[in-house]
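Let me give you the structure first, and then I'll get to my questions.
Labels run A, B, C and D following the written order; every chain starts at residue 1.
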Amino acid sequence: MKNDPDRLPRYTASERANHWLVALTFFLAALSGLAFFHPVFYPLGQLFGGGVWARILHPFFGVAILFFFSSMYLRFRKLCVMTPADWDWLRHVREMIRGDDRDMPESGKLNGGQKLLFWLLAACMALLVLSGIVIWRAYFSPLFPEGLIRFAAIVHAAAGVFMVGLIFGHIYIAIWTRESIDAMIYGKVRRAWAKQHHPAWFREMTGENK
Amino acid sequence: MKVTRRQFLKISAAGLGSSSIAALGFSAAEAQSDVRAFKLARSTETINTCPYCSVSCGLIMHSMGDKAKNNQMSIFHIEGDPDHPVNRGTLCPKGAGLVDFVHSPDRLKYPEYRAPGSSEWKRISWDEALSRVAWLMKDDRDKNFIARNAAGATVNRWTTTSFLAASASSNETGWLTHKVVRSTGMLGFDNQARV
Amino acid sequence: MAPTFGRGAMTNHWVDIKNANVIIVMGGNAAEAHPCGFKWVTEAKVHNHATFIVVDPRFTRSASVADLYAPIRTGTDIAFLGGVINYLLSRDRIQHEYVKAYTNASLIVSEGYRFDDGLFSGYDAPNRTYDRSTWVYEMGPDGFARIDETLQHPRCVLNLMKQHYSRYTPEMVSDICGTPKEQFLRICELLASTSVPNRTATFMYALGWTQHSVGAQMIRTAAMVQLLLGNVGMPGGGVNALRGHSNIQGLTDLGLLSNLLPGYLTLANEKETSYRAYLDKRTPKPLRPNQFNYWSNYPKFHVSLMKSWWGDKATSDNDWCFDWLPKLDVEYDIMRQFELMGQGKMNGYICQGFNPLAAIPDKAKLMKALSKLKYLVVIDPLATETSCFWENHGELNDVKSSAIRTEVIRLPSTCFAEENGSLTNSGRWLQWHYQGAPPPGDAWPDADIMAGIFLRLRELYRKEGGAFPDPILNLTWDYRIPHAPAPEELAREYNGKALADLADPKDPTRVMVKKGQQLDGYGQLKDDGSTACGCWLFSGSWTEKGNMMARRDNSDPSGLGNTPNWAFSWPANRRIMYNRASCDPQGRPWDPNRGLVWWNGAAWTGADVPDFKPDSPPGEGMNPFIMQPEGVGRLFALDKMAEGPLPEHYEPFESPIGANPLHPKVISNPAARVFKDDWESFGTDKDYPYAATTYRLTEHFHFWTKHTRLSSIMQPEQFVEISEELAKEKGIRAGDRVKVWSKRGHIMAVAVVTRRIKPLKVGGKTVHHVGIPLHWGFKGVARGGYLTNTLTPFVGDANSQTPEFKSFIVNIEKA
Amino acid sequence: MALQSLDITRRSATTTRPPSQRRTPEVAKLIDVSKCIGCKACQVACMEWNDTRDAVGTNQGVLDNPPDLTENSWTVMRYAEVETGRGLEWLIRKDGCMHCTDPGCLKACPAPGAIVQYSNGIVDFQEEHCIGCGYCITGCPFNIPRLSKKDSKVYKCTLCSDRVAAGLEPACVKTCPTGAIVFGTKEDMKHHAAGRIADLRERGFAGAGLYDPPGVDGTHVMYVLHHADRPELYNGLRKDPSIGAMVGLWKGAAKPLASLALALAAVGAFFHYVIKGPNEVPKEIEKEFEDEKRS
């Protein structure tokens, strides 16, 4: 499949690796973090050796995800600049969810939703990192006033759960949109897929102007 | 049963969450709670008196062990004696910390000897120590005892060795000390009444 | 206090403080030094609506719960209390009936008595002593002291007092003490409010009075105030000495002092060459008709003691071994001991549970003295500074060990938790305690150590002979295990026993106590050798009924807190001394709601053991202070005080104002003993402008608890306290390290800057205080610190030789 | 629950109620600041009973020592030298856990059973369940719990739950020399306080009163203050403490709602998939490319 000429290269190997490292660390951070989010998730801490280990590891997962996400951010930030067409795309997103994509504006390599996701995730990451430092008891909390720690705790929880929600959505859309996972696994997509989902990019890649 | 909106939300969230997680194969061990075990349950209690100030608060000392032959008693907790009319169970900051006095790292454990000019202690036996003290005392007494003063009156005094008595030793110790000290004719004798 | 009331101990007891209406803490800081006794102050406040006053140079923890606090310059308490006396006398706020009946106010003083320009009659300047022969009563032809019941005679005590204290006006008090006049007057008024029969005030003091060159007189002034107010012998009254150590009362009762024998009997002076002369001097004649005069029993107490020590060897033929006791030329108190040591006249020194290197003044002098010893023996549970004086601890104890030739032997002893025995508290209760665990390592009980030394000494004398071995060879030693006398045996020994069958004095045919039985009390003692008793005061503590000190019935039938069946209280299980004075002359309690004892028509009875002859009816004229030959409280102390019969304000030897506003020529106590070389060690206010005082903190106990982790956590590091004003003047901020020095040396400590110490206006000058807590040293688990006696002067009270730790002068700067 | 020796009414991070039928009387420790001499006996007794020992520290220019609460010092005296209309007052307050009826620490704690509240009102930390996140510190309106560097567990006053369970008073209460700390049922303590307040008012402290802040539904450690109208004089005792809107938001309805939202999103996605089916490349395009390939 790798060398299938029908397929268009979408993500390089390092981009894919980066994505999956982010994904992996996200899962670690999210699962360990959720354990403290609400009692119903507390048993998730067992995945990491119990509540104490979850508490110890969670901030380090955060550091890891910060590292990988930063790399991804540098790779994709230009690509994710929002254009008027992207906003137009977003305005039509409801129709697409409903299963009617006839009027969807043409999207480039990434559509408006993906770009917006990118920026929202970046914002969440920034909030999580900043608030996370403030509430990291073992090392940093003693440096901050209790009021700020309280505020940071809310920010962290809110940003965290929002980010989990975003990723939920991201995963579902990836599943729902058949074959899009191939892009992140193999790096290449079928031309038909490209034409359907990213027509502008398809044209750019193939030189076709259909 | 009235369920508030908030409770309802909690319950539904909890239900949903836990059922889904149970499905994942987790089940949280029920977190058991208990107070710390009561540490005085079977200790041996001994009545004592605080050795610090002259309020002489009543104490109850708690020792490990039940006085059985094969157990060496060790005091691990001291608190006020509630029956004592003066302190009625209370203790001041000094008295409340007495257990650390009993177990102070600076407690002396063996007779020790420091030779003239030396800069260190040497452990010696009780017999060596007491024999040496007795010899030193006798030597000094025999050399400096004054049987008669210049006027020829019998004075039978020994003024070149002095004895400072304790301030917290028992009446019994004090009584014996006085008896021994005066029998030698010593006059330099004082306690901490002044300081 | 003994010169005033007859006995030198806390008149009442801890729980009794709850019965007071006004409580004044002065010359002490009970909340910090005796917190658990202090509880009875808060109880009085809560349950008796008492008003609580604190007078202290510092706003102490006691002051933090006081209704009224007044600052005072250290060392000026006599001026303050003299002012109170002036207030009471000039405004006629005294308990007349009490003063007339129970004090010597109406007795007439000898014509020769004078007080001029700060000196009483009879001063011998070169020897710094008084010829006290004019400080006596005028005797009548009947052999009794003359009296003027109308109180009109110009030389009756009350009028002499009026005259003497008229100089102590509120303005003068404020000028000397720095206490604002309004505060002083408010306190006077509060105290005066207790001059009515049904209100009492109690004074609580401690080392804040004793540790001055005029300490004993400070206490006496308070005692006089209490007599004028009719507060002595009353529940909730009295003058309450809060002793420092747990058994300093007991060890003093047992006479462990240079000039004493057990039970406040005294050693003979070398001038008293015969036993008869010795006894005569100590067995005074009553000064008033029908007086009880308890000291008439002196021979019984003394003979019984000698029988206890030397058994069959003490006989009437050899004056009960009178010559076996040493005779005094001078007093060998601890200050003189060190003076002699420094002069090379002391070869050996034995310290049992005492740390003199930290506990008496002028460390430099002490170090020099200890280094001259041939041998030093230290018996202690802890590694004290004294035992380690030869160790180099850097700047904290900078010595060259090799240059110190003293041989040191250190013997580990048990602590309280590891022995049976009794302690006597400040309220005179003997309480028994029990061993809870064996001692650590090879530590021995003190009694075993003393026995170990004695038996070896006796053996040496037995084998080799030597100087006057008789008292050593013949000392009674019939303990079951000679090298380990049991506390129980020793207690029975000092209680006393009958050496022959004792007949009942009321019915000579009946045997009251059989030979060999324990005595019930000192009333059974005899001067014919038929009783042995180690300490008459403690007699009754271990009778045939058993160990009375171990009694644990805490019931309080009177509700006054007397718990008569708890332990044993000397004398004769009396809880409140002089309690006869709680009744009017007719034998009715002054305050019917607080009846302590009373005359029921046939005998004295009540909630306490009467401190009186139990069958002497009120009409007989016997007076309540039965230890005094005149039976009354002494406002005028006669010849019992070294520096005068009436207390007078003298400045500390190191005074921050360098003058005495009352009499410019006599600044400091003219009768206080100062050793020749020590004059040069005193500084002047020019070089050392700040008043300094040393004190204890509630977190620590002397030099013991720095060995205790828990106490060390609570107050880990040495500090000094100064006012915000002085701090500003000196550029010192809280937490800075400062150097404090006197002419004798310096210490370094952390500065605590506080509003609780305020500069005082004294003699037109601003006086700052530097507060110096004293708990640190070069041994212990707390942070190392300087021994604060590095700073303090080597001078003591003229009567008790208690060092003047509380008032001296220093300089301070940021280190 | 055979282990419990005091009945538990609330348990951290637990959404169901523990067995709650048994009712024990509510207890309270009353600290009468007007009787307190700041002797620190309570500090020592606390350490002694609980077998903790703080470090031997330094003097920081004040009498307060240890200078702050730590994992070993569960109570400290805080000294304030205050000039009021009555002249200098030395206000000495024993600081430590207040055992709130509505405990912020318990609310904030994410570890099930690491913080419990007994039916007698004591809020107790169960260190073996503690995960060391420090959320309780964030949740506490009085800044009391302290995280240990040694074991990363949080410690605070237990109100001597072990002693109380055995029928004794807490160690600090027993030792208090002046009777400034008393212990009993909360009702009795309020009565006792009323007597003390009357006495203080009689002595001229018009503002005397009881500190039992309603913002946390009252506490099981209460103060009698001479200046109850100005608690901040007592080394910054908070005038009207409450768990705070932020902690309320953080630990109140928001989290269950967010959890629910996540769950609903998951459910919604599932049904979306079921109903709408996957988003596939349409047949026309597939066909187009197949044709192209063939051609």
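The rule is simple: contacts are C-beta pairs under 8 Å (C-beta built on N, C-alpha and C of every residue); 3 or more make two chains touch, one makes a residue touch a chain.
Quantities reported herein were computed from a predicted structural model and do not represent experimental measurements.
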item	value
Chain whose Cα centroid lies nearest the overall Cα centroid	B
Chain pair with the higher count of C-beta pairs in contact (B-C, A-D)	B-C
Distance between the centres, which are taken as Cα means, of subunit D and subunit A, whole angstrom	38
Centroid distance [mean C-alpha coordinates] between subunit B and subunit A, Å	66
Subunit B and subunit C, separation of their C-alpha mean positions in angstrom	26
Euclidean distance of C-alpha centroids - subunit A vs subunit C, Å	83
Shared interface positions of subunit C, touching two or more other chains	35-36, 39, 698-699, 709-711, 714, 781
Multi-partner residues of subunit B (each touching 2 or more other chains)	13-14, 16-17, 28, 78, 80, 87, 90-97, 99-100
Where subunit A touches two or more other chains at once, by residue number	38-42
Residues of subunit D that touch subunit A when the two form their complex	13-15, 108, 110-112, 129, 131-135, 137-138, 143, 147, 152, 244, 246-247, 249-250, 254-256, 258-259, 261-262, 265-266, 269, 272-273, 276-282, 285-286, 288-289, 293
Contacting residues of subunit B [partner subunit D, same complex]	6, 9-14, 16-17, 20, 28, 31-41, 77-80, 82, 87, 89-97, 99-100
Of subunit A, residues touching subunit D in the complex	6, 35-42, 45, 50-52, 54-56, 96-99, 101, 135, 137-138, 141, 146, 149-151, 153-154, 157-158, 161, 164-165, 168-169, 172, 175-179, 190-193, 195-197
Sites on subunit D touched by subunit B in the complex	1, 3-6, 8, 11, 14-16, 39-41, 43-45, 47-49, 111-114, 116, 124, 126, 129, 158, 161-166, 171, 174-177, 179, 252-253, 256-257, 259-260, 263
Partner subunit C, residues of subunit D touching it in the complex	34-41, 43-44, 47-48, 53-63, 65-66, 73, 81, 83, 87-92, 177-180, 196, 199, 202-203
